[in-house]
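Below are structures written as structure tokens.
Paired with subunit B in one complex and with subunit C in the other, subunit A is shared by the two complexes that follow.
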Partner chain A sequence: MRRLGAALVSLAAFLVVWKLATVIGDYPEFILPAPEEVLERGARAVASGVLWGHTGATLLEVVLGFTAGATAALLTGIALGKSVLVERVLSPYIVAAQAVPILALAPLLHIWFGGGLLARVVICALIVFFPIAIATMVGIRSTDPLLDEMLRSLGARPAQRTRLLEIPSALPVIFGGLRVGVTLAVIGAVVAEWAGASVGLGVLINIANQGLFDTKLMFVALAVLAGIGLAFYGLVVLVERRLVTR
Partner chain B sequence: MTQPVSRTTDALDVRLDDVTVRFPAPGTELTAVTGLSLEVPAGSFTVIIGPNGCGKSTVLRLVAGLLSPDAGEVRVGNGRPSAGDGRVGLAFQQPRLVPWRSTLENVALPLELAGIDVAERRTRAADALERVGLGAAARLRPRELSGGMAQRAAIARALISDPAVLLLDEPFSALDALTRETFDAELQRLWMERRRTVILVTHSVAEAVSLADRVVVMTSRPGRVARLVDVDLPRPRPVDLTGDPLAAGLAADVRAALATSHADELRPWSGQEAMA
Partner chain C sequence: MPPSRAALAILALLLVACQGPVPTATPRDELRQVTLLLGYRPDVQFAPFYVAQREGHFAAAGLEVTIEHRQAPDVQRLVADGQAEFGVADATDVMIARTAGVTIRYVSTLYQSFPVALIGAAGEVPQDPAELAGLTIGTPGRFGSSWHALTAILEAGGLTVDDVTLREYPQFNQAEGFANGDVDLITGFRNNEPLRIASRGTEPDLLTLDDLAPLPGPGVVAGDDLLADDPELVRAFAAAVAAAQAEVIADPDIGFAAAEAEVPTIGEDPETARAVLDATVELWEGDQFADGAVDRDLWADAYETMVRLGFIDGSVELDEMIADLSGT
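Now for the complex of A and B:
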């Protein structure tokens, strides 16, 4: 309850500062609209049904992209953590792929993967992959060697050691990666939509910005994106609280 | 292959025959033990003593099947040691309990790895905890246990598959002196109830003499057997043997063997010649 209260107070303060900025600066509406104008525009977009379709499309991309990216990252991270050879062979490619800006890569992936939902999920998954894979590798490596020797003395096979010791030891670090990854998933979805899509919050931003010069609608889309990010981040934290018991 | 874990294994003898173990060290190789031969009769209580780095723990790791010798042969009963076959139980200097498991789940771990079903696991783990006086601590997490309780849980884990050979690597050295004496007495009791082969590694001459049938004094690195001292004192022995002239004589023998085989490490700190 107290945590919720703190969040509400901080949200209220944010809105007050925003409102003050519009009053003091007296900016034109297309540069910085006031919060209540954005809220009103949001209500209209909800009522007309425009917002639902775009939000649904982006949500689907975030969920599929994050799931695919996180799953691949966990498996790769375990392999990287367990084998120095795998790390030596794979890590240059993983790091290089991460260093190339996703914005530059997205149009290419868009062409390669057929320009549909699959392409957008792949782009989203790719940006999610890196922090989770690295966190998993680091977590697996942080396993207490004394506990590992204890398990080996009991004849534990490598798969049993991974399941009973390495993954549980790595969980706190893995969840650090998942927290970063889930917010990146939202960015990935928007970037993917910019590379080519007909519906989604990224598309809505483009339409509002370049087509309609409707800055208020753009702010609505940004607020929904922020909300999606917060919601999924909160979900990851909830799962973390249930799984990490220390 | 992992053999089924049996509860009624008889004690097995342990033999090391001309064993050499080397470890890779930066730019070189470190010989931990070489030309080490040792016979431990089935059902006997053997204590290995020597300063740090003389290869005592290496001997236990060989018998536990965690290490293979670079030369020579290690046998437990008629076979090579194999980790997880249930014939050998190993307890370490640190309790090494898995922090996110309850005490009961920690003790049951060897059975879980051997594929024994949950119900039997729980009953046997509860029994094992009862035997080391930890029945009430079954549901506690390791961080809720005192150092002594945690070490007792670790011993219960080593005993749960009723191994024919029990290896103890300085298991009580982190405990305070009083707790340690109690644990030594309890260990003797457990062993007299069930005469499995025990090999215990220690730094303590008093502990060695009060527990052992035979004390093995090891040389410094590379380790080999410097001297065997048989301890023919009646059992059960009291915790404190300081007043016993026979025990005092045997302790003096062990100390003398240690002093001659570790002249460098055990030299007094004071005096100009000692520094030279």
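Now for the complex of A and C:
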């Protein structure tokens, strides 16, 4: 309850600062609309139904992209953590791929993967992959060597040591990567939509910004994206609390 | 015997005195500084502005112009907010922006012909828009002049966007999608995409708006405040641009030379850049170059088209979207 109260106070403070900025700066609404104007525009967007389809499409991309990217990253991270050879072979490619701006690559991926949902999920998964893979590798490597030695002495096979020791002990670090990854998944979905899509919150931002000059609607879409990011982040934190004992 | 330093100094003073007054244009510190916002990157299509800068048209008009590049929606917003004096924008975007409360007006025409068309392979572009039904069309998205052109062409054929399959390329790479065989036709700029398609070995063909639903092309915009406070400045700027544009139309070499100095990418493929400029000159001219004059009748027809297509609701009068510089 105290946590919820703190969040509400923080939100109220943010809205007050935003409102003050519009009043003091005397910005026209096409530069910086006031919070109540954005709220009113959001209510209209909800009532007209324009928001639902776009939000649903982005949610689907986030869920599929994060699931695919996180699964691949967890498996790769475990392999990287357990084998120095695998790390030496793969890590240059992983780091190089991370260094390439996804914004530059996305239009090509859009064409290579047929331009549909698959292309957007791939782009989203790529952006999610790096922090989770690296966190998993670091977590696996941070396993207590004494416990590992004990399991070995008890005759545990490599797969058993991974399942019973390395993954559980790596979970706090892995969840750190998942927290970062899930917020990046939202960005990834928008980047993917900017590379090519007919529906989604990224598309709505483009339409509102470039097509309608409707800055308030653009802020509504940004607020929904922020909400999706917060919701998924909170979900990861909830799962973490259930799985990780400190 | 070498001359003394004093003798040299006297000689120098005499030489300076004999030169008399140096003829000057408007002194630099007396020029009015203004900012012009163009599209998102330097391009040969902006040659009139480079020529106006290089050949002194702006300076002769008493202006020192700083050219900056911004994304389309930011141009309109920054000009309306007074953060820049002038910008270049699509006429159809001006109608929508103005209706949305962005206080800009279109003050001078750059393109006599609407530059966007439907483009495809020769023999595969229907000349009757009704025959577009069932085709797959690539376009940047549901915004901007490409979208307005596409919906206007479809409407001219009694169709809507539901009668075609759309594929969106927000990064403006629909020509790559066309080359990949993903779409039958693309929307694109008549002075650009056909050249890109031709460079890949496909002879292009076009379906233009000219005879279907004419729309005004891109032009210069200014903010309401500037128009109210200093219409003479706007008039001087528009006249300088029109003079430079007429110069480029008469001799594209002048425009190309100015663009080469401003556009770093021209050096990579000067032949294509020159072809783009030549195609752009044709669009500037249209039926007849009119020194930037705003064709109110064309705007009135386009206004009705934009209302019919649902892009604007008619709540803002046409006369609030354009400025008659001859009367202000």
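The definition used in the following text is that the second predicted complex is superposed on the first by the 246 of 246 C-alpha atoms of A that agree within 3 Å, B and C clash if a C-alpha of one lies under 4 Å from a C-alpha of the other, contacts with A are read in each partner's own complex, and residues count from 1 in each chain.
Basically, a contact is a pair of C-beta atoms (placed from the backbone, for glycine too) under 8 Å apart; a residue touches a chain by one contact, two chains touch by 3 or more.
Bear in mind that the values here come from a model prediction, so they are computed numbers and not experimental data.
Engineer: With everything superposed onto subunit A, say whether subunit B and subunit C fit together or clash.
Structural biologist: With subunit A as the common anchor, subunit B and subunit C both fit in the superposed model.
Engineer: Report for A:219: first if it touches subunit B alone, second if subunit C alone, otherwise both or neither.
Structural biologist: The answer is neither, since A:219 touches no partner chain.
Engineer: Does subunit B (first) or subunit C (second) touch A:196, or do both, or does neither?
Structural biologist: second
Engineer: Touch test for A:168: subunit B only (first), subunit C only (second), both, or neither?
Structural biologist: Only subunit B; A:168 stays clear of subunit C.
Engineer: Please determine whether it is subunit B or subunit C that touches the greater number of subunit A residues.
Structural biologist: C
Engineer: Which angle, in steps of 10°, is spanned at subunit A by subunit B and subunit C when each chain is reduced to its C-alpha centre?
Structural biologist: 150
Engineer: State whether A:147 touches subunit B only (first), subunit C only (second), both chains, or neither.
Structural biologist: Only subunit B; A:147 stays clear of subunit C.
Engineer: Thinking of the overlay built on chain A, is A:156 touched by subunit B (first), by subunit C (second), by both, or by neither?
Structural biologist: It touches subunit B, and subunit C stays clear.
Engineer: With the two structures laid over each other on chain A, which partner does A:232 touch: subunit B (first), subunit C (second), both, or neither?
Structural biologist: So A:232 meets neither subunit B nor subunit C here.
Engineer: On the overlay, how many Å separate the closest CA atoms of subunit B and subunit C?
Structural biologist: Superposed on chain A, the two chains' closest C-alpha atoms are separated by 50 Å.
Engineer: Once bound in the complex, which stretches of subunit A touch subunit C?
Structural biologist: 27-31, 106-107, 110-111, 115, 193-198, 203, 206-207, 209-215
Engineer: Please give the residue numbers of subunit B that touch subunit A in the complex, ascending.
Structural biologist: Touching subunit A: residues 2, 64-66, 82-85, 90, 92, 94, 96, 98-100, 109-110, 112-114 of subunit B.
Engineer: In the complex formed with subunit A, which residues of subunit C make contact?
Structural biologist: So the residues of subunit C touching subunit A come out as 71-73, 76-77, 80-81, 93, 96-97, 100-103, 141-144, 147, 166-171, 173, 176-177, 180, 182.
Engineer: Any idea which subunit A residues touch subunit B in the complex?
Structural biologist: Residues 146-147, 149-156, 160, 164-165, 168, 245-246.
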